[in-house]
Amino acid sequence: MSIASLHNLTVRYGRRTAVSDLSVEIPEGAVGLLGPNGAGKTTLLKTLMGFIRPASGSGEVLGLRLGREGLRIRQRVGLMPELDCHIPGMNAVSFVSFAGELCGMPSAQALRRAHEVLEYCGLGEARYRDVETYSQGMRQRIKLAQALVHGPSLVFLDEPTNGLDPEGRDQMLALVRDVSHGKGVNVVVSSHLLPDIERTCDRVIVMKGGAVVAEGEIAALREVAGSQVDVELREPSEGFLAACRVRGLAVLSVTGPRIRLGFPEPLAVPQAREVSTPASSPDFARVLFSVAREAGAQVRGFHPARRSLEDVFLEALE
Amino acid sequence: MILLDHASRWYGQVMGLNDVSCVVPAGITALLGPNGAGKSTFMKLVSGQLRPTTGKVAVLGERPFANGRVFRRLGYCPEVDSFYEEMTGREFVTLLATLGGFRGDALRQAVQHSLEQVGMLPNADRRIGGYSKGMRQRIKMAQALVHDPEVLLLDEPFNGLDPVGRREMTDLVRSLAESGKCVLVSSHILYEVEHMTRSILLIHRGRLLAQGDLYHIRGLIDRHPHRIALRSNTPRELGRALLGLEHVVSARLDDRDPCRLEVQTRDPESFYSTLPALVLDGGFHVTEFESPDNNLEAVFRYLTEQS
Amino acid sequence: MSSIRPLESAGPAPAPIADTSYRNYDGPLRPPRFGWWIVARMMTRLAWKRKGFWVLLFFSLMPYLLPAFLLYIRSQDQTRLLDMLAQRSFSGIFYDAFAGAQLWIFLLALLVGAASISGDNRANALQIYLSKPLTKNSYLLGKWTGIFGVLAAASLLPAALLYLYCWGSFTDEGFLSENPYLWLQVLTATLLPPALHASFLLGVSAWFKRPLLAGGIYAGIYFGSQILAGIVSLILRRVGQDEASVTALHCSVPGVLRGLGQHLVDTLPGFYGLPIRAANPMSQSAKPELLPLVLLCVGLVVLGLVLARVRVRAVEVVRG
């Protein structure tokens, strides 16, 4: 199921072609939209919000055709803009309910919904305050609240953690994840912070130069071929590396106490007593713990190697 | 290279920084803290824009406040975005280099070099008003680097850069630090900090909460209950065995993921050292294990919540 | 799909424990055609929440209260002390009140309109407005209607009250027969300043990020044009071009409104029939020429609307 789809879309600004012949399906759920500056993400968002009449090609969002039904599209989608923004001279409740009324909600419903959404976004206690007095984190939340007030089935989030400190980021990401999982809201998150995408989205679309260069489930994209494992030690240890090499493990990369090891292909056959899933995965623990014991190093964690989304992204751009 | 000795700064009755003493060595040091913790005040004290209300601040052995000698050896990349929008990037950097005392050929070379370092040569002759957020960030960086300072203060330098740009700029910062400069970076993006440096300064509510090597700090807070997640095909048996350890206080199976076991320990240090023996001798099959509390983000959260 | 259902079938039985986290809104949504009305309504609502609005409304009522008071005294007074009032036609009295209210209408325009778009520019509110089902034109229409509505209320209401008072008390003295179409003339005349201010101020406001600056610039144009027109008019009068001088006097933002007002109610300026000194530059022997005034007024309105339209750009909602 896709929530929006574009077919052979071309967008021009005057003489400049921003996107040419782009076909893409935005799947349901939480989707991350990645790409360097100038990759066409902005144009894609604008197009999906019905702002742009494509020069050629067609597309639809939530079953509404692009170009013709821009207003009806915007009634059913929400946008959390990147810039710090609010409507001046109002407290939070009137701002959010006004946003709801602009989407066509009757005023009584809009007011009711505004309270509900503000509560959900963690602004319950601050909802009668003027938005001008809000901190950065609260301003970010109210931007989310105004995007959700009319119950959109698709929400675009443009850099949702902009300017937030670690705690604020955690909370914002938790909100985004919560609203996009099991609440019937589909989200498209555009961000330069790849871990944000990793934490909120299930799928990702990577763009470059106006074209989609990679897309798919994040978990699948991050899988690494072969038996590799990431190990973290308490402290960087040369002895551990040496002992690994002795055992025939390939040391693929070392960053401080984090080591990526490659196991030789046919590895320790799994023990007989396994019950469920991790059956086929080689018994890393046995090898790693013995190595650590020999080298006197302390293993603080290990897991089958996954590429970071950053690696996936940089690779897709090449 | 930077030294604060019981430095405080008050704005009237509002606290900016309260009795902070620390030494920032050469290399990269990350300045961390929630919004409003006093990071900007710290930066401004060190860059000589503010005078400490009490205590002492020294940069390269001198007081930085309104001190031209320090300014010439210090580069500052502010967080706020203020430019002369009509200038080109090159003109802007040139202007600031001229203020820093460069003339003639040396000026042109310094400007060229710094623009090249930040990867802005292709766009150097366009109006700043037409720059993207990332380009503006790079130009700010270029003006901080143009006089080849020994001390660099970078306030949220990666804001607005795309992932490629972030990678390039972190590499640049790292190479600057390797050449012996003292770089103080403030950032909210902790995983990025973690990839750049282990040396941190954590400020919270105006006080210095922690300073020094990340691993050392983490070791010290190992004393609080610590979660460790393991995946095994026999999580029940493994959990039973782990509960036998004196310092393990709880073991929980995940109701959604049948292979996942989460234990809590009061003494991570002994947990990590006994785990290998327990796994090897017990013949358990562990496919992965790690602690969700084992990164800078968790350390940051723990420390700021404690105070 | 009606939102009111009979009580018996109020949906499925509620779960024992309600999920109070996020839930979807599936209530009614109006078709997105009346966005401009929502914007306009919010503008007026914000206006009347401010104290300044009521103060200025009171002041703009004064020029109409004064003649009503004078007329009342005259009707009660046996000494015929205020008989000179009778020299002024009812049209003239309405015009004088209209001219007297202009300053307050202008100040009210500043209060309501200076921040109309500049405030939104400062707070990036356009990002919010235009991400909703609201086109740029309906946004501008809403803002315009908001300013116009507030000003029209302040301009029209007092005039209507005075009209009703005269109608009730002076019909015997020929109030209706003197000029049966006065109501239409007064209606047009009082709606003209709100329309001009709403259009021109909207354009000015759109180009600034600070409401104070936008208001200052608008006030500068308002008074500056008046001073300039006064000087030009004085020079023309010195060289004996009396007619041109009168027209020049009205070639400013406030002047054009007064000039068109004179044409609309067909009268010359006065002061409720009370004597004003002959040396007063306000005293004029003829109405200003109509065509330049109409052109100027239409020009200002169009200029304002074009300025606003050029400045407000929809595609900036998502930025690169």
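By written order: A, B and C. Residues from 1 in each chain.
Methods note: a residue touches a chain if its C-beta (ideal position, glycine included) is under 8 Å from a C-beta of that chain, and two chains touch if they have at least 3 such contacts.
In this text, all values refer to a predicted model and were calculated from it rather than measured experimentally.
Student: Which word fits how the chains touch one another: line, ring, star, complete or other?
Tutor: line
Student: What chain is most central when centres are computed from CA atoms?
Tutor: Answer for the innermost chain: A.
Student: Please compute the C-alpha centroid of chain A, do the same for chain B, then give the distance between them in whole Å.
Tutor: Taking the mean C-alpha position of each chain, the two centres sit 23 Å apart.
Student: Using Cα averages as centroids, what's the distance between chain A and chain C in whole Å?
Tutor: Result: the chain centres lie 50 Å from each other.
Student: Based only on mean CA positions, could you tell me how far chain B sits from chain C in angstrom?
Tutor: Result: the chain centres lie 56 Å from each other.
Student: Which chain A residues touch at least two other chains?
Tutor: 37-38
Student: Touching two or more other chains, which residues of chain B qualify?
Tutor: 132
Student: Any chance you could list the residues of chain C touching two or more other chains?
Tutor: Counting only residues that touch two or more other chains, chain C contributes 320.
Student: Inside the complex, what are the residues of chain B that reach chain A?
Tutor: Against chain A, chain B makes touches at 33-36, 132, 134, 159-167, 188-191, 195, 198, 215, 231-234, 258-259, 272-273, 275-277, 279-280, 283-291, 294, 297, 300-301, 304.
Student: Within their complex, state which residues of chain C touch chain A.
Tutor: Chain C reaches chain A through residues 21-32, 34-35, 38-39, 42, 46, 115, 119-120, 122-125, 127-129, 131-135, 314-315, 317-320.
Student: In the complex, go through chain A and note every residue touching chain C.
Tutor: 37-38, 42, 45-46, 49, 51-52, 71-72, 74-75, 78-79, 81-90, 98-99, 101-106, 109, 113, 116-117, 120, 146-151, 153, 156, 158, 178-179, 183-185
Student: Which positions of chain A touch chain B when the two form their complex?
Tutor: By the definition above, chain A touches chain B via 34-38, 135-137, 163-170, 192-195, 232, 234-235, 255-257, 270-271, 273-279, 281, 283-286, 289-290, 292-293, 298-304, 310, 313-314, 317.
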